[in-house]
Amino acid sequence: MIFNPGVRVVEKKQLLPDLFHLKFEGESLASRAVPANFVQIKVSKGLDPIFRRPMSIHYADGKTFEMVFRTVGRGTHILSQAEIDQEFDCIGPLGNSFKLPEDGERAVMVAGGVGFPPLYFFSRFLVEKHNFPKENILFLLGMKTVSEKPMADDLLKLDIPLEFSTDDGSFGFHGFVTDLFEAHYAKKLRHEKIRIYSCGPNAMMRRLGQIALSFKVPCQLSLEGAMPCGVGTCLGCAVKMRGRNDYYRVCQEGPVFDAEEVEL
Amino acid sequence: MSIANLSIEICGIRFRNPILTASGTFGYGEEFNQIIDLSKLGGIVTKSITKHPRPGHPPPRTHETAAGMLNAIGLANVGVDKFIEEKIPFLKTLDTRIIVNVAGFSIEEYTYTVERLNDTDGIDMLEINISCPNVGADGLEFSSSVRRASELTTALKKISRYPLIIKLSPNVTSIAEIARAAEEGGADCLSLINTLVGMGVNHWTFKPILTNITGGLSGPAIKPVALAKVWQVYNAVKIPLIGIGGIMNHFDVAEFMIVGASLVQFGTANFINPDCTVKAAEGLTDYLKQTGISDISELIGKLGGNHEIQGKNFPACQGT
Amino acid sequence: MSIANLSIEICGIRFRNPILTASGTFGYGEEFNQIIDLSKLGGIVTKSITKHPRPGHPPPRTHETAAGMLNAIGLANVGVDKFIEEKIPFLKTLDTRIIVNVAGFSIEEYTYTVERLNDTDGIDMLEINISCPNVGADGLEFSSSVRRASELTTALKKISRYPLIIKLSPNVTSIAEIARAAEEGGADCLSLINTLVGMGVNHWTFKPILTNITGGLSGPAIKPVALAKVWQVYNAVKIPLIGIGGIMNHFDVAEFMIVGASLVQFGTANFINPDCTVKAAEGLTDYLKQTGISDISELIGKLGGNHEIQGKNFPACQGT
Amino acid sequence: MIFNPGVRVVEKKQLLPDLFHLKFEGESLASRAVPANFVQIKVSKGLDPIFRRPMSIHYADGKTFEMVFRTVGRGTHILSQAEIDQEFDCIGPLGNSFKLPEDGERAVMVAGGVGFPPLYFFSRFLVEKHNFPKENILFLLGMKTVSEKPMADDLLKLDIPLEFSTDDGSFGFHGFVTDLFEAHYAKKLRHEKIRIYSCGPNAMMRRLGQIALSFKVPCQLSLEGAMPCGVGTCLGCAVKMRGRNDYYRVCQEGPVFDAEEVEL
C-alpha cells in the first residue's frame, strides 16, 4: 500500500449523463495495481466533502490508471468536473484481489451496472497477463435500460463472450443479471466447472451469493460500501462474517470475499 | 538559531513531540506503519481494549457530516488477551510512545483489563475511556457523574502500574467538575474531548443512518467545542492535559497547547490525510521558528500572550 | 395529486409552513424584507429582547469555523421599550407569524419584558432564551438547572398572554431533564438547540479570537448534535418541539421533523444564502410529492418509517 | 439592495503575485453600484469556507463591475483561481457611499494598499458623473515597496494628481501614507478647504482619523472587517460609536463613516 499525493488527469470521457471515465497519470500507483484494487481519492481540496471516495481501478498499465464512475452524490459530482491536467490526491492501490480461476474453470463475470470496473480489469488481466483463453470467460452485464449501453464500450473492445440484461427488457435479456446467470446456468454452465466473479449493488450480490452457494459454485464478490479511511483503522466498512458474530473490514480483508465468508 | 525543541515531558515520560494519534482512529498501529514513519510521532494511542473481545455494532457504523463524521463502531476490539498476545509484540518494536486505551462497562471490567496490562511491558501510559454507556446507580455514566468518575479513577489508580490518563466526555454540563473529580481520584493526566453525541437521519427512508441510532461526532466541526473544553479544564485542574477534537494540522496543535494542552491527539484527520501527523510535526518546527519560540512547552496555557487569561466563571456564556 | 399541505398548527396557532427564522440571525425582519418575500415563511423569531437596551460585546464578535461559526454578540438589542415602539409596528405589517424572543438575567427581568409585551398586539408567541449566563444559587444557569428552568417557566407562564416556547441549551448532561422541567413548569412548546459553547484561538498572537473568549457554535457543523437532542427531547415530553441547528435546506427540515420537530428555525444559513428559507419552502413541496406525503405533519416523529423507534435510554452511547 | 445569484467572470488580470483584478457581468448589480458599495461573494460552492467574502466594487458601469483584491487567506485564494466564464453567487450592491465634496473643496483620497478600490471608483465617479475637476482631486496611495507599483495601473490612467508613498522609501515618499498626507497638509493643504476620503488598514485609518480630527478637516473612512452576513442581521461587524457605549454595523450604517462617528 502506498500513499500518493498527486495523480494527474490525462483523459476524460463522459459515457452517459451520469457516467464518467477518467485516466490518471501516477506511476507509483498504477504500477502496483491489480484487479479489484481501489483508490481513495480526495475529490476537493477543502473539507467539503470531508472524506475521500473509494473508486475501483478500471484498468492500470505501468504508468496510468483509469476509473469509471457514476455520479450519485456530491463527491462523484465534483469528481465528474475534473479537468485535464488537474491533480488529485489519491491513496492506493488498496485492497486485495480476485483468486485466479483454477485449471479448466470458466470465469463467469457477473456485473451489476457500474460494478463492472474490477471485472473489466480482471478480464483483461486474465487474458493479458495469464494467457487465459478469451472464450473461457463469460461476461454478464446488467443494466437498467438500453440507453445505458455506452457503459459497455470498453468491454465490447475486449472481444470476450459478453451478454447483457436490462431490467426493462429494452436490450438483451429481460430481467436482472442474476436471472441471466441462472438462465445460463440452467442451460449450459451447470455442466461445466465455473467460478463466479461479481461486483454490483449489494442486493444483486446477495442474491448471486445465495445462488452460488445453493449450486455449490465458487463465487467471489467485490463489495462496495462507505469507506471513511480505506486503510483498515476506522472499522467503518464492516461486513458481517457468515455464521459468526464478527465483522470483516471491506477495505482491508476485502474488497473481494468468497460468497460463503460474508452475510450481505 | 538552533532547531527548536519539540519534546514534551508529562508524568515523567518524555514524548518526542506533542503529536499522538487518537484512540479508534489508528488501530493498533499496524496499518499506518506501512504508510508513515511512526518514529516521527510522539506516540500512539490504541483502539479501546475491553476485557472481552467485541465485534462492534452492525453497520452502518459511520456517517459523513459537514466537516465531521459520526461513528458508532461499538468498541469493536480484539479483547485484552488477544491484544497482549498479538498486538503488544508489534507495538514493542515501534520507536514511539505507546498508550493503551482501556474501556469497560463496570469498575470490575476496567480493573480486570488494567491488571492484565500491568503484567505486560512495552506500555508507557494507559488512557481510560470513561464514555461507555454504563448507567450506574445515579442513572449516569462514568463520564457524566462526578461520583462515578471519581470512584473509577480511585479504583484504577490503586492498581495501575502505568500512569493513568482519564479521557473526558464533552457531553456534560460541567466538564471542569468531572475533571476535578478525576484529579482528586488520582488521575495523572486528562485527555479531552471524546466525541459529541449526534445522529443522522435518512430523509427518504425515515431511518436513522446509524444502526445504533446515535453516534459520536468528531472532526474539524467540533474543534471550537474542544478548544473551549480544554481551556475550561485547564483552569480547573493542575495535572497535564491532552487536547483532542478536530485537530488537522500544526496550527491546530498550537491552538490546543495555547489553551492548556501539553500533548494532542489526531483522530478523524488520519482518515482524511494519513500523513497529517507527520506533516504536522514538520510544520511545528517551522511554526516555532516563525514565532521565535525555542521550546514548544512555552506554548502551554499561554492564552492571551503575555497577558495570561485566567478562567472566567463557567459554564460560559454563548453570549448571543 | 393536489398540492401537499405544508401548514402546521401548534398551540392553537397555524403556521403557513414549518419554516421559521432563528433568533439573532434575522434582526427584527426589516433587512430581509428587502431581500425575500417574508410572507413565504411560517414565521419570524426576533433577536432576543431584554428589559434594557444592550450594546453587546466589543468586537471581534464572530469567527468562521469549519462548516460553522462562533458568535459572542452579547445579546445586543434595542431593549423592550424601543422594540415595542419602533419594531412592532413594522412586524405587524408582515403577513407571517411573529415570535418574540425574550432574554434576561433574572426572573424579574424576564417578567418585566413579558409583561410589557403582554400589552402589545401583533405577537403570536414568545420564545424564552434561557441560555444567558445568570448563575443562580445552585451555581448554574437557567438552561442547565432543572430547578431554575422550572422556576422561570412557572413564573412566566403565570403572566404571559402569549403561548410560551422555552429555548433549550445543548450544553447540558441531560437535555431531556431540562425539557421535562420546562414542560412541568407549563411551557407550551420547546425549541432547541441554542449554540454549543466553543472558542477560537489566534495561533500567531496567542489571543482568543472573540473578545468574550468563548462564544456559541452554530451552523451545519452542529446539525448532528441538534438532531440527537431533538430526538432525545421528543422521547421525553408531549409538547410540540421546534428544531434548530445547522438547518440549510428542505432535506434538513424533513430530518428535524422526522426526529420529532413540528416546526424548525433557520439560523446561520441566512448568512450564507439569504434566500435559503424561501427556497426550502419551495423544496418541501417537491419533497412531499416525491415521498407521496400529502400533509407535512405526517413527518413529525416518524423516525424508523413504519417502525417507529422509541427512545432508547439516554444519555446515548457514542459507541466508539 | 438586491440578491443576485449569478455573476459571470469576463476578465481577469493578475497585477501582482498576490493581487488580482476581476471583471464580472451582472447588470442588476452593476447598474446600481455607487462608490464604497461592496458585494458579498460566495467563493466556493460548498461549505468550505462557509461565509461569503466582502469585496469593494472597484468600478461599475451599467453592465459590468470589477473588484481588485489581495490574496490573504483561503477565501481570496480560491477567488484568485476564478476562470473566465465561471459564475459566482454575489449579493449586492451593499452599503452606503461617500458624501460628495462641497463646493470649492479639494477631495483628498488617502488609500492604504488594496484599500484603493472604493477611492478609485469614487474618483472616477466624481469626474465622470459630477464633472468634478480632476485637478481638485489629490490621490495618495501608500504601498509597502516599489514592486507593488502595478497596483496603481488603473489609477495612473485616470490622469488625476497622484502621489505615492512606500514604507521602505523605494518609490515616492518614504514613510506611511498618513505621513505623506501630513507633509502635504503642512505644505499646502492647510490653506485650502479639503475633504478626506480614506480606505485602508485599520491602523492607518485610525491614525488618519486622529489627524483629521485634530486639524478639524472633514474625513470619511470606508471600513473593512469580517462580515458574516453583510446585510445587517448578525451584528458581527460592529464598530464602536465614538463617545457612546454602542456600536454601528459596518455593513449597514457603513462601510463609510465620518471619522468623528467611530472609534477604531
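We just call them A, B, C and D in the order they show up, numbering each chain from 1.
Basically, a contact is a pair of C-beta atoms (placed from the backbone, for glycine too) under 8 Å apart; a residue touches a chain by one contact, two chains touch by 3 or more.
Note that this is a predicted model, so its numbers are computed, not measured.
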Third chains touching both chain B and chain A: C, D
Far-end chain from chain B, centres as C-alpha averages: D
Cα-centroid distance, chain B relative to chain C, in whole angstrom: 32
Gap in Å, rounded to a whole number, between the CA centres of chain C and chain A: 47
Rounded Å distance, chain A centre to chain D centre (Cα mean): 55
For chain C, residues contacting two or more additional chains: 24, 63, 65-68, 71, 73, 219-220
Set of chain A residues in contact with two or more other chains: 47-49
Arrangement of touching chains [line / ring / star / complete / other]: complete
In the complex, chain C residues that touch chain B: 23-24, 48, 57, 63, 65-68, 70-75, 129, 131-133, 135, 140-141, 144, 169, 171-173, 194-201, 203-208, 210, 212-217, 219-225, 227-228, 231, 246, 251, 254-255, 258-259, 287, 291, 299, 302-305, 309, 312-313, 315-320
Partner chain B, residues of chain A touching it in the complex: 1-3, 42, 47-52, 89, 91, 225-226, 228-240, 245-247, 252
Residues of chain A defined as touching chain C within the complex: 47-48
Chain A-touching residues of chain B, taken from the complex the two chains share: 24-27, 31-32, 34-36, 47, 55-56, 58-69, 71, 73, 76, 219-220, 268, 270-275
Complex contacts: residues of chain C adjacent to chain A: 66-67
